[in-house]
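Quick one: the structure is below, questions incoming.
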């Protein structure tokens, strides 16, 4: 485990000077900081990508500038930095009638949910913070903390729009957990394990060993999972909790400044988590698509991030193409379309495995 | 188990809300997501248009008409000058008429582009909105080329126009139309036939023809309900009887006649018809003719009153002018089409979900500047 | 003014009166042109009114005016069969002047009679006639028969009550609220007669000719003179 | 049941179709866009000249300007203004059509009209101006115009007339000291008489 490696390394380096309690604390904090740094940098990049992709789709040019100091740097590269700075420096307003402790708690909780999911995401054979043997289950589990915090945010704001947003998000995320989980069961059935590393290792040996190409039922499971994941992270066409033309900004209506930034950040972090799970479960994770070629640890990080990045790009692309669903249609799609398909898929995969693979 | 009745909640949508197209306040009674009653409160944008008009001369009214429906200023000017010209019995020459028709139809395209785009935006589709704004931009460039203003033109004057067409306008317009026509199909595919969009709009907010007529709804909203009523055809003013165009009527392709999708689709079809009219008007445009030819030196209509209607992008735009023979109108009332269109909201949108209500509001294409005057 | 200019002006004015505006517009000199136009306006005014009206009907080739002439008579004839004493004073053929008393029943007849069938209320305008009278004007139109009339109802400013037609034409709901808002005409029988464009607590009826703005509104002084001009 | 599957088919096909359209825009990003990088690039000015003299008058409406040397104080523009943003005060000139060097008053306009009045105040409040162009047409001397007008060379077309203070948007065109100077001159004349 990563913490053990770091602890051993630190003990070897500083064992004489500090007690082992401090070193244990330090060796736990270092990966946390690394994840935090990763999320921040990743969020800046994805925000930039979102700005540019949306602009190009809409025939605009997006943030542009002539150089540092003017506007947002060359090609607007500094725009996300400027956005982050703006959010940091903004006045933090807590409405007088809000439920103060809960109002303050909500953004942190949503961020924690996204943050601790990163612990179990593998970037390489040994590049993982905690190689849990129920990694997949763990990610699905802690991902649900988001629901709680969205309801908290909606309730604590003491605003009718926020309440609507919170209630919508509760119904939506809880419902879509089910098809998402059921589609991942296909992966678990094929790989025979909940450990993400083992699932990835199961897909070793080039692009055709990936689970998505295992049998004709899996691509359907992948699509169902991807769309359900889209709904879980509240992205268009499922952005009902914050649908800006109906609910102003939904659960985030009363938030400003840094607190709002946390919602923003965790939305993007969640996007990464669900895409990473899809990449690990269906697209071979950090495995190179060319069997054995380009599969050093550095390459494995590259493959993992590029597969995830592609899925994130598809999410952005979908967002700027589609209108938003209505709240009852959302439920219809979940219970009447995805759930039966996901269940049938499980049977299909099971039969296929029995007939062809055994 | 019986039906659970929750407590009703009163919710204010607006005056500041992203979906109210201005400063409109809708007080709604909601039971969960279902909205049972809608009470619109107007007047946040009231600028005393009618009172102003009683204190300025007839030509000075024109800039104020611009500001009523700021998305279709040309047609607002057009309606006003047609009314005053009828009152004064002025006949303007053919070149002026043609230029006016070209401008009004270009304005109709621009206004419908924004209406359909914003309708998409209300449903969460951002990209079609910006594509439509992009093409509206090109139309506005044409207007700027003609009269120097981009939004509030003050272009049509009683008895003429403020400027003649500039050199190169005809070519620029034809270029634009050639570029623009394929884009309409693209809008239709990107937004109109998208399944999510269809699900959100078809069979939502159905407005039967009788309701529409009784509520005085006009323009594309009325035509979407299946009533073939277009003042350009049924009571032709200016030279609209010279042109060959169809009046698109709602047919309920995706749902029922008179639903939100029909209102969207009728506007899209009208854009195509307007393109046809502009092409014909440019073909027939007389080469010579002074645009200031019939302009009276002093506008003093004879004593009397007139109610004159024209077809603005939003419907029947009526001007009721009472003249007492002086150079200021004694009473000028604008019958604004969006005003009546908003009046029907409670009737057709009560009982729908919150998202639907905002979709229906978007499909009615209201402009608050014109409602509040 | 030299004589030949005067001759020229007389000439073009005569032509313009005959309907040909081109000679007048083709005059090169700005001053002469404007003089000619002034002479034309003068000449037009001096013509008897009936002549202008006949020209009106010539100008609008669509038989609108003709139909309008007859529609008033048809409407009055149809109404006299069912109602008595509804006309208010002399009728001039352009509109129908009515008394407010049984306006609701008349409106119902206008809307539901098969021959008239005015199913659409186009516009409702208030008007201050000055001298203590207010007027409410209705422009009715039939989508079926394509005819239109204007009906005017005069009431005194002390007792401005007119029956509401809101339950017949629902569009009148807001039209009447607007007229009430601007003129203070009280539409009896209206479900929800409130101010529509102005705030609930606004004082006075702004479009009456003798209206004066209130001095303060919620403690804010209503500005009446432009500031910032020293 | 058939409806169920056609719905799914329609959703998938229309969504993929929409994604195809957006992807084409993404790839050909700069084909159709109309965005300008504002301070570096500016709107192409409308290339047309209209009005009194076809070569020198531009339609552009950006700010009113008055050539005081040509203004005869006829008040036509003040009367034409629908929002009353023009304020003119005139006083009788001592001698008609003669230059008054003390207050830089020109007696004869470039059109050759002899001025009978001295304009002592000519204020335009651009914060109230509605850019309707109604004031420029009645002017007999063509001296009030939107910039980019007859003297486009003297007053280049510009869009940015922002001011930090509202009162800075009141432009005072009358010659400085005209009022006092005229009063002084009149007093002097009286004294001489």
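Letters A, B, C and D name the chains as they come in the text, with residue numbers starting at 1 for each one.
By definition in this document, a contact is a pair of C-beta atoms (placed from the backbone, for glycine too) under 8 Å apart; a residue touches a chain by one contact, two chains touch by 3 or more.
What you are looking at is a predicted structure, and each value in this text was computed from that prediction instead of being measured.
Novice: Among all chains, which one's averaged Cα position is nearest the averaged Cα position of every protein chain shown?
Specialist: B
Novice: Relative to subunit D, which chain's C-alpha centre is the most remote?
Specialist: Chain centre farthest from subunit D's centre: A.
Novice: Taking each chain's centre as the mean position of its Cα atoms, how many Å separate subunit A from subunit C?
Specialist: The answer is 65 Å.
Novice: Mind checking the centre-to-centre distance between subunit A and subunit B? Centres are C-alpha means, answer in whole Å.
Specialist: Those two chain centres are 44 Å apart.
Novice: Using the average of all C-alpha atoms in each chain as its centre, how far is it in Å between subunit B and subunit C?
Specialist: Whole-Å distance between the two chain centres: 23.
Novice: So the centre of each chain is just the mean of its C-alpha atoms; given that, what is the distance between subunit A and subunit D in Å?
Specialist: Centre-to-centre distance between subunit A and subunit D: 54 Å.
Novice: So which bits of subunit A are touching at least two other chains?
Specialist: 57-60, 320-322
Novice: Residue numbers in subunit B touching 2 or more other chains?
Specialist: Only 127, 131, 134, 190, 194, 196 qualify.
Novice: What positions in subunit D touch 2 or more of the other chains?
Specialist: Answer for subunit D, listing residues that touch two or more other chains: 15, 18, 21-22, 25, 32-34.
Novice: Tell me, which parts of subunit A touch subunit B in their complex?
Specialist: Within the complex, subunit A touches subunit B at residues 54, 57-60, 160, 164, 236-237, 239-240, 243-246, 248, 320-329.
Novice: Quick one: which bits of subunit B touch subunit C in the complex? Just the residue numbers, please.
Specialist: Result: residues 42-43, 46, 48, 50-51, 54, 89, 91, 213-216, 227, 229, 234-236, 290, 293-294, 296-298, 302, 307, 309, 316, 318, 320, 322, 331, 333, 335, 339-340, 343-344, 347, 372-373 of subunit B touch subunit C.
Novice: Enumerate the contact residues on subunit B facing subunit D in the complex.
Specialist: Residues of subunit B touching subunit D: 56, 59-64, 66-67, 127, 131, 134, 137-138, 144-149, 152, 154, 162-164, 166-169, 186, 189-190, 193-196, 198.
Novice: Could you please specify the touching residues of subunit A with respect to subunit D in the complex?
Specialist: Interface residues on subunit A, with respect to subunit D: 53, 55-61, 64, 66, 317-318, 320-322, 336-337.
Novice: Can you list the subunit C residues touching subunit B in their complex?
Specialist: Touch residues, subunit C against subunit B: 21, 25, 34, 37-38, 41, 52, 55-56, 59, 62, 64, 119-123, 125-128, 137, 139, 143, 146, 150, 169-171, 173-174, 182, 195-199, 206-207.
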